[in-house]
Structures are given as structure tokens and as C-alpha cells.
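Below: one structure in C-alpha cells.
Here the chain labels run A, B, C and D in written order, and each chain numbers its own residues starting at 1.
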Amino acid sequence: MTTKPHIPTAAESASDEKQTGRVEAFSDGVFAIAITLLVLELKTPHIPAMPPAEHGPPTAAWLCEELLKEWPSYIAFITSFLSVLIMWMHHHAMFKLVKRVSPALLLANGVLLLAVSIVPFPTAVVAEYMTTPAASTAAALYSGAFVFVALTFVAVLLTALRPECLAADADPKVVRTFRRTYWIGPPCYGLALAAAAFNPWISMAICTALWMLWAGMMLPRRKA
Amino acid sequence: MTTKPHIPTAAESASDEKQTGRVEAFSDGVFAIAITLLVLELKTPHIPAMPPAEHGPPTAAWLCEELLKEWPSYIAFITSFLSVLIMWMHHHAMFKLVKRVSPALLLANGVLLLAVSIVPFPTAVVAEYMTTPAASTAAALYSGAFVFVALTFVAVLLTALRPECLAADADPKVVRTFRRTYWIGPPCYGLALAAAAFNPWISMAICTALWMLWAGMMLPRRKA
Amino acid sequence: MTTKPHIPTAAESASDEKQTGRVEAFSDGVFAIAITLLVLELKTPHIPAMPPAEHGPPTAAWLCEELLKEWPSYIAFITSFLSVLIMWMHHHAMFKLVKRVSPALLLANGVLLLAVSIVPFPTAVVAEYMTTPAASTAAALYSGAFVFVALTFVAVLLTALRPECLAADADPKVVRTFRRTYWIGPPCYGLALAAAAFNPWISMAICTALWMLWAGMMLPRRKA
Amino acid sequence: MTTKPHIPTAAESASDEKQTGRVEAFSDGVFAIAITLLVLELKTPHIPAMPPAEHGPPTAAWLCEELLKEWPSYIAFITSFLSVLIMWMHHHAMFKLVKRVSPALLLANGVLLLAVSIVPFPTAVVAEYMTTPAASTAAALYSGAFVFVALTFVAVLLTALRPECLAADADPKVVRTFRRTYWIGPPCYGLALAAAAFNPWISMAICTALWMLWAGMMLPRRKA
């Protein structure tokens, strides 16, 4: 009738669960809002852009053309949406390994949320300038923002996988894979940042390739 | 006293619940934000629209007229609000049948959220152009966006109802109804898209009729 | 060993709880977003409003004056914030009495959320026009929006307190108080709407007095 | 088989937990949205700002310069983000001590949320005017807003730590520390407000130093 192995009491484990639960719920909120605010960058073409005296009322062909002209906005929207979505998946995969929230983890997670909530800004700049001669600056801002995001992910990982936070039953293999793969982020986005000086399209292509890589790394691990 | 049929242990079922819970909470967040952002498309008429030198300060009649002129915004707001609301209801009805989240379901659900979060954009375009000669382009964009939404719903359905995700106790009748009815969406919205070329009002009427249909399909099923 | 009084099985009650939980979580999201979006109506005064050639760079006194000029925005912000906050409190007080979600309740609650998410729009109109001759139209729009809100609250109440939704252990006294008091809303806001034709300030004063009344009704009931 | 010490029944404790849970979830939503809306103040530089006839299309150097010119926006964004993040941490630390929600606590918490949701407004004003001669007004508005926030924190603390709300098992030491330290806020931000009249940069420096202080006070307490 006595349970020899130390099993946390209801009170203990409830308190542990709760702490992680709150941080995750707040983080989920920030991720969900940041991802949904991206749509605000898709601008309705406005009629005043076409002087009525010269052209008459807006025609179907004109609106169609105006909408098509904004294609860089659509690509920027989709790329950023999927990037934030995959960040959210990784955030949760990481927090599945965490039992207790240390002050350092709280702080690192806060800075990660700051980085995530910034994403709509470089997205808007890329959408507006990717087809102009200022594209290289826009691509540098975008990839630079993701260097920052990748660094905050490493910071969260380093604090989350410390013994005071890590769940006792976390699979050591999964932990090792996390440790090994997260270091790849910052130098890869750094490469995209460097590439922006030469060719903004290569820079953006690297960013896109990277979130496909993160998605790929994510999905098989979940299956296991 | 022994329970022969396999009943998942507390640990097993807790982990299952949790996975769905997170995806649902994040999805709820995106639905709630997308639905509330729609109000930002309702624009306050601005005084500068009326040259003060010619008319004097804004009068009650002028403001009333300006507000009434924006009626397409109000209709677009209500239609999109109810559409997203009913999508949310269907999303939950689907996830009630799901126990485990597969990588494919996570991805399909992510693309569905992308589609949902886009809705405020075509809504704004319809609100601005539905009463101009450019209405057919606006209606095509709107119904086209819903073709995309309907396709992502089919994708989520196909991945959610696979054996690795489906709850063991899901009612086969309900599952069959889902399978049968979700295929209707894409061709119906495709019809609305085609109609936009001839008459934008018919296109919008089909979109409105469709969300009434989805609402109707939803409500009786809940009762059962 | 047999339990004579029918006690719901874990599966039954879990499913009941869950249904309400989801609707409440989604509603909470919409309330929280609608209330926070109100701040977007507080506009930063922009420098171009002052031709630099005539006045030089913006001075501390000029900015102070510009900020003070926007006082109707601040009052509108506070009034609407507190109104939505009190609506949220009433929404929760109502849902504490609910066990099961019927299709009709889902629909009524959806229309209530629509009404709540509209609030930032009349708030912005009042903020911009309350000190102009167009104030009566603005006040009519504002009080008209709250007539709609009040009607949707009655609709949710009527569907929520039906036997198929009401919790078996709901205090009949509390239910009676709800039934008695919610009918007051629509005619009172209707009075504010009528008053707008004569004096917009009286109309707004009635709206303010009403949310104080709702707050007052709310708070003592909670104590009991 | 009889449990002598009074242990709350499932119904009792569930009802207690639930009340706090709802208020916390709603508060989390408002904090998460307020913190994420801050990014909307980071404005994309617009091409029309540069007459095309005079300069040709936008160049990389021009965009870079335009982005760098907005440095006060970035500092304001980071300062406000971290301030709201730390407020959220304190809010949760306080609510960990609370078991029951009194009407007074509900009201005080509502006013606190109002204060939190205002933060993006003074942030935007500071971002636009901190490098102009109007900086002292902007700094006064910013520090004034934080005087209000600090006062609402004191109000929540006073109502939360009353016997009818406080959890029976709250650590008296932690409660005492809260009581002692929260009074520091209003006079400190008052000092920043007074400093704005003399030097806006000193005023902003005090505000920044204060959230570092709050962060420092927060983190060790969590460890214990």
C-alpha cells in the first residue's frame, strides 16, 4: 500500500503544471495574434490612386491589375504566416519537455515573444520594397529579424533544457536532437543576411528554404 | 473487477488530450482574432472628405448620409463575421472526433488557419468596390478566397478522419455525414467564383446562401 | 455499491463541461480582443497637421494642446472599455448557470459576439464627432449599437435559461433575477437613442448611467 | 474512512478555481493583445515620402536611412513590450495568492486591464515626438500613463490580499513582500512625470530603470 518511488503529490504536480500552463497560454496568445495581425499588411487598393477625371470610375480590369500588383505582399504574408506557425510548433515541442519554469526561462521566453511579435514589421517592409531598387535593405531587415528570432530560440532552448526545468521523463534522444539542431538557425539566417547585400532574392529564398527545413525537422519528430 | 477492454491509462489519455487541446486553443485564438479584426474595416467617415470652406462644419445629416453610404461595408462585415463563426463551429465539430494530432493534421490545420486569417482582406475589397463597376473583380476575389477555405476544410477533414487521429468512440454516422458533406464546399464556391464574371451580386448571394447552408447542416447535427 | 440517484458518468459530464468551456473560451477571446482594439482609436497627433513653414518644429505646448483636444476620444475609450468589461462579467455570470450548449444558444451567442465586436466602430464615430454639429448622429449610432447589444443579451438569456441548457443546480433565485432584469436593457438604450435626436449629451449620459447600473446589478449578485 | 480535517468538496473547489481561472484567462488575453498590438506602431516608411520626380525610385540607402531614422520607435517598442511583459508576470504572481474573486477585485482588475491596454498609445506618442522639441510632453504622457498603471496595481493588490480573496495557504512572507514593494511604484513614476518637465530623457530613463527594478524584484521571488 506504500508507494516507494517518489511520486509528486497532487499539490506539487498541480502547481508545476499550472506554471507551465500559464506561460504556454500567454505564449499561444502572442503567437496567435502576431500570426493574425499579418493580414493587416494586405492593403485594399484605394480608388483615389486613380484620378477619376482621367479614367472614370474604377473598372474590373483596373482593380484586378491593382490586386495583382501587390503579389509581393501575398508572398510575404504566406512566408511569414508559415514561419510563425512553425515557430509555434517548435515552441510547443520544446515546452512538452519542460516541467518547471525558472526565472531565466521566463525571461528568455519573453524575449522570444518579443522577436515573434516583431515579424509583421519586416514582412510589411519586404512587401512594399521587394520589387524596388531598395529590395536589398528590405531583405536584410527581414533576414536580420530572423537571426534575432533564431537566437532567442537558442536562448529558450538553453534555459528550458537545464535540469531545474526539464521534465524527469523527457526522452534523452529528443533532447539531444533539439540541442544539436537549434544551433543551425542563427548562422543560416546570418547567411541570408549576408546574401541580402548581393541579391535580395537569394536572401529571401534562403529564409523560405529554412522554414521548410524547420517544418521538415518538426514533422517526423512528432511521428516518433 | 478486472477491466478487459483496453482502457487508456491516465498518462496515455492525458497526453492525447493535451495535444488536441493545444491545437484547438491556438486555432480558437486565430479564429477569435480574425473575426474581431473584421471591425477594423468599418471606417469612420473623416471630416476632411468635405471641404470646410464650401460646406461649413459637418452636420448631423451629412454624417448620417456618409454612414449610410457605407452600407456595403456593413453587409460585408456581417457576412464575413457569420462565415468565420460557422467555420469555427465546424472546426470544433470536427475536432470533437479527433484524439491524436498527426503531423499531416497539424500542417493541414495550419493552412486552414492561414485561409481563415485571410478573410478580412477580401471582405475589405468587397466593401470598397461592390457598388462600383469593379464589383465583379471584388466578388471573384471573395468567392475565390472561400474556394481556398473550403479546400483547406476538406484537407483537414481527410487528415483528421484517418485512423491514427480519429477517436475510437467517434460515431461512424457522424463521420460519414462529415465525409459526404464537405466535398460540396469547393465546387459550390467555385460556382460563385464563375458567377462573378457574369453578375457579382449572384456570386455574393451564393456565398451568403452557402454559409446559411453550413449553419443549417451544423445545427441539427449538434442536436443529435 | 449501486448509486441510485442518477449521477452523470465521467464521460457524460466531461463532454458537457467541454462544450461550455469551448464556447466560453472563444467568447472570452472575442471580448478580450474587442476591448483591446479600442486603444487603436486613440490617435497620435501627427506633425504634418502643423505646416512646418509657418510654425517651426512641434513644441511641447502644441503637442499638449493637440492631445487635450482629443478628450472626447478618451471619454469614449473609457466608456466603451468599461461597457465591454461589464458585458463580459454578465456573460460569465450567465454561463455559470449553463451546463449544455444547444444549437439555438450557440447561434444567439454568436450574434452577441457580433454585437460586442462592433462596439469599437460607434466608439470611434462618437470620438470624432461628439464635439461637432454632427454629434446627434454619432450619439444615435452609439446608443443604437447598444440597443442591438442589449437585444442579443436578451436572446442569449432566453436560450440559455431553457431546460435543455440550464444547469440542474442553478439557483432559481438567481435565474429569476436574470429573467427580470435583462428586459430593462433594450427599452433603456432605446430611450438613449430617442434622446439623441434632442440632445446628444443626454443620450451619452444615459448610456454611461446604464453601464453603471449594470455594474451595480452585477456586483452584489456575485457576493451572494 | 472518514476525513476529519475539512477538505473542500469537488464542487466547492471547482467553483473557486473556475472563478480565478476565468479572470486570469481574460486578463491573459488582454495582456497578450496589448503587447502584440505594440508592433502596429512600427511604421513602414512609405515611398510617397520621397517625390519620385526629384529622386527616382527608392534606393537601398534611402530605405536604410528611413528605417534608421525611426530608432525612437524601436526603443519605445522594446521598452513598452518588456514593461507589459513584466506587468503580466507580476499579475500572475499576485493571482497565485488568490483563491476567490470578490466584486471589488473584479472591478480593480478591470481598471488595471484598462491601464494596460492604454500603453500602446503613449508609446506611439513617445516614438513620434521623442526627438522633437515636444519631447517633454510625450515623456510626461508616458510616465503619467505608468503612474496610472502603478496605482491600479496597488488597487488590485489591496483587494486581492483581503481575507475574502487570499488563499489560505498563501505564504505570509510573500504577501508581506508584495505589500511592502507595490507602494514604491506610484511615487517613482510620479518622479519620472516631474522629471519630464526638466529633461524628457531623464524621465524615460527613470521609466526604463523602474521596469528593470520590477523585473529584478520578480525573478528572485519566483526562485524561492
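The rule is simple: a contact is a pair of C-beta atoms (placed from the backbone, for glycine too) under 8 Å apart; a residue touches a chain by one contact, two chains touch by 3 or more.
Keep in mind the model is a prediction, meaning the values are calculated, not measured.
Enquirer: From chain A, how many touching-chain steps at minimum until you land on chain D?
Expert: Minimal hop count between chain A and chain D: 1.
Enquirer: How far, in degrees, do you have to turn chain A to put its CA atoms on top of chain B, rounded to the nearest 5?
Expert: Rotating chain A by 90 degrees superposes it on chain B.
Enquirer: For the copies chain C and chain D, give the interface type as same if over half of its residue numbers appear on both sides, and as different if under half do.
Expert: different
Enquirer: If you average the CA atoms of chain C and of chain D, how many Å lie between those two points?
Expert: 24
Enquirer: Roughly how many whole angstrom separate the Cα centroids of chain A and chain C?
Expert: Using C-alpha averages as centres, the distance is 33 Å.
Enquirer: By the touch rule stated above, which residues of chain B touch at least two different other chains?
Expert: In chain B, the residues touching two or more other chains are 25, 29, 33, 37, 40.
Enquirer: Chains as vertices, touching pairs as edges: which of line, ring, star, complete or other describes this one?
Expert: It is a ring, because the chains touch in a row that closes back on itself.
Enquirer: Show me the residue ranges of chain B that touch chain C in the complex, using the header's touch definition.
Expert: 24-25, 28-29, 31-33, 35-40, 42, 44-47, 57-64, 67, 77-78, 81-82, 85, 88-89, 92, 215, 218-220, 222-223
Enquirer: For chain D, which residues count as touching chain C in their complex?
Expert: 22, 25-26, 29-30, 33-34, 37, 40, 101-103, 106-107, 110, 113-114, 117-118, 120-121, 124-125, 128-129, 132-138, 141
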